[in-house]
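One chain, chain A, links the two complexes that follow: it is found with chain B in the first and with chain C in the second.
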Partner chain A sequence: MAEQAQGISPLSAVVADVAQGVALALRGGGGSYALSDVLPPDEAVAPAAVRVLGADALAPYALDRAAATGGATDRTTADRALVRAALTAFAPGADASEVSLWSYRGLLAAARALLPADPDGWPPEPPAATAWTATDPWPKLAHRASQLASLALPGLDTPLAAGLAERTDDLARGFVRAVRRRDWLQAAGLGRWLASAADVPDTLGLDSGLVFVRQMSGTQPRVALHVAAAARFYGRGS
Partner chain B sequence: MTGADPRGGTAVAAPAREHPDGGTADVHGLDPALLDSMAGSALRWLDGMRDCFRLPADVTTDADPNLTLKPLGELAELTHLIRTRHPRADVRTLAEGLFAFAWEETRGGALFGDLLRGEPRATYPVELYGVFARTGLRHPGVEELIRTATGLRGWRVAREDHTRTLGVLNAERRIGLPEHADFAEVLAMTGLGCRSEPWTLDRKAAYGVTHDVFHLTDWGRARERMPADLAEYLRLWVPSWLECWLEEELWDLAGEWLAVSACLPVPVQDPAAWRRLAAAQAPDGSVPESGTEPPPGPDEADAFTACYHSTLVTAFAATLARIGAADGSDTAPHSPAPHSPSLPHGPAPHGAAATRNTAMEGPESEAAS
Partner chain C sequence: MNSELTAPVESAVLAAEVEGLVDSAEPEGIYRDTRECGGGLLLAGLLLISPPTPRPTKTDAS
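And now, the complex of A and B:
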């Protein structure tokens, strides 16, 4: 991990490793997934890594929700502790951005939906606005949405997703701009939201666009994760 | 311009023939005063640059056509629309003067005869002549030569790209010649016609799409010719492309996208984008090709080369945006247009020089050969 990646901060290296594990699981490889397998709980930055990845840390469980929530096994207990640590240590402050608030809510919503119930109860849901999903100019909207692509997950029926569903054309414009800027992470995040939408314009060429982004991005694990999620959950780009 | 009352605030454009001067109504959220200021100052700068547009004595032999025929052709194409369509009389007068100047520089069309005798297979003399022929400015001797050249089987050999072929077809129809290919079939093979994945556009492809639109709509005069599927394609993606090239500060292409926005059957306008282009316009009216740096070199010729195209495009786009949504084919009373007004396309002289490999129409490729 960190030792193998000189010049990269340990946190980003850990995040990349976990993202790689999630992407692999979404592609159906590597056996059964457990967050605590790809992210050792004694890793110092584990809570921060979970907070950065948000709901994506639990995304493979959305493939088989019944198995994940069927009962508290050792693995799910360990996962629950990891997520709880992240939610506790990195709760958004009073001046938190909308992106920070929503990524926190995404992680919380994924925990509630995809992990066995926490006997102590999960932390409360912080209020987060949705008005900006209707009013942001499309470049700003697209940038924020891409940062929140982990919320494009089946079963996470958030007000954010409902708001973005009204802006499909604008997200698609953001995808075009992101590819032109070679901002592969933003493009992949937007492509994932678009994959979840029912009304993507045909002329966008979303399927080939997702493949293009994955191939052009080289080996960026979070790009691969978004593209894998688009394919596995929504059948696009594969 | 708006309806019968130019200050009525309606978004419905009036027929161009009404020419209400100085209207202050807001057109599609745009600021008419800003648009008129941009067009007027751009034309004044161009007017002051007439000497740079003047054709040298060796125009038909050794002169670089990118620096001679191409600027003059653009001047004629774009000022023609402004002189017939702009709602303000002072702006129309400026454009009229420049258009007449361009015709004079061709020696009443005789230039095109010289060019054709030198290069009978070249398309650019025909394309450039078509700009003037469309308005009724004709030269009988040139027409005889053109009929011979365009009647040859060799004329039907494919051009270097389909967008350019649309420009040639446009010229044929403007002049009243038989079209050498089917416009719709050629269009279908262009970047616009095949509705390329919008995220694949690079600069060259972008210039191709803008000119596909200009030829298809006869440079904004026949927006109704835009098929619904292509209009939808542009409605979706032009905002994204416009934003990309504004961010890159490539002002001529940003201006072309603003012009394209105004060529849609239902124009899509972006007031903020206009303010950004306005901020790039220098106090003297010139618009640099890119960035914010002053044009290279101290002399007038350098400034001209660096700015003439973007400045012309700015005046053209501001005029199209100002006209608004309602007028159709080119039947405005200021246009003599003796031929069928329902002709799409137009020659596309273009300032994006061959050195930038922009696939723009213009005389360079054939004249340089």
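And now, the complex of A and C:
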């Protein structure tokens, strides 16, 4: 674990490792998934990596909700402790950005939906605005939406997803722009949102676009994660 | 160094790194709108194929 490439911080290396594990689990490989198994034990960066990945850290549990929430096994208890540590240690501050707030809310919503109930209760949900989903110009909206692609997860019915569903055309513009800029992470994140939308224009070529992004991105684990989520949860790009 | 003294600093650094990864800036790049590029290309083409400026004809007296 945590194969640290040259020039990458320990946190980025752990985030990449966990993203790889999640993508593998979403593609149906590697046996049963447990967050605590793909994180390095007893490392300070483990909760930080969970906070960075947000709801995606728990995405494989959305494949089998009954098994995840059915009872507190050793694995789910360990996962619950990890998520709680991430939510407690890295709660957004007073000057946190909307992206940070929504990412936090996404992790919290996923924990509530996909993990057994926490006997101590989960932390409260910080308030976050949705007005920007209606008012942001499309390039800025695309950038923000791609950073919050972990919220494009079945069962997380957030006001953010409802707001972005009204801007499908702008997300499609952002997807094309990101591909042209070779910003594969942004393209994959937007592709995932578009995969969850019902009114994507056929002329966009989303399925072949996602395959293209996956191939061109090389070995970027977070790109692979978004493409795997689009395929597994929404049947696009596979 | 005393680990109790360095721990808050390390956690603050880690928290800042987390925020940076959660809300990272868009990579620098120049994005040109296709219609603007097309307009520029058309203008350049028209300038290239435009006829030369008329010059006064030479006379034998001069």
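Operating definition for what follows: the second predicted complex is superposed on the first by the 233 of 238 C-alpha atoms of A that agree within 3 Å, B and C clash if a C-alpha of one lies under 4 Å from a C-alpha of the other, contacts with A are read in each partner's own complex, and residues count from 1 in each chain.
Simple rule for what comes next: a residue touches a chain if its C-beta (ideal position, glycine included) is under 8 Å from a C-beta of that chain, and two chains touch if they have at least 3 such contacts.
What you are looking at is a predicted structure, and each value in this text was computed from that prediction instead of being measured.
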Fit-or-clash call for chain B and chain C when the two complexes are aligned on chain A: clash
Touching partner for A:Ala48 - first (chain B), second (chain C), both, neither: second
Touching partner for A:Ser103 - first (chain B), second (chain C), both, neither: second
First, second, both or neither for A:Ala89, with chain B first and chain C second: second
First (chain B), second (chain C), both or neither touched by A:Val15: second
Chain B versus chain C, judged by how many residues of chain A each one touches: C
Touched partner set for A:Tyr33, first chain B, second chain C, both or neither: neither
Touching partner for A:Arg181 - first (chain B), second (chain C), both, neither: both
First (chain B), second (chain C), both or neither touched by A:His143: second
Partner chain in contact with A:Tyr234 - chain B first, chain C second, else both or neither: neither
Identified clashing stretch of chain B versus chain C [220-228, 238-246, 292-300 or 328-336]: 238-246
Those residues of chain A which chain B touches in one complex and chain C touches in the other: 139, 177, 180-181
Contact set on chain A toward chain B in their complex: 138-139, 169, 172-177, 179-181, 187, 201, 203-205, 208-209, 212
Touch list for chain B against partner chain A, complex: 195, 197-199, 201, 232-233, 236-237, 239-241, 243-244
Complex contact set, residues of chain C against chain A: 10-11, 14-15, 17-19, 21-24, 26-27, 29, 31
Chain A residues touching chain C - in the complex, by the definition given at the top: 9, 11-12, 15, 44-45, 48, 51-52, 54, 89-90, 96-97, 99-100, 103, 139, 143, 147, 177, 180-181, 183, 186
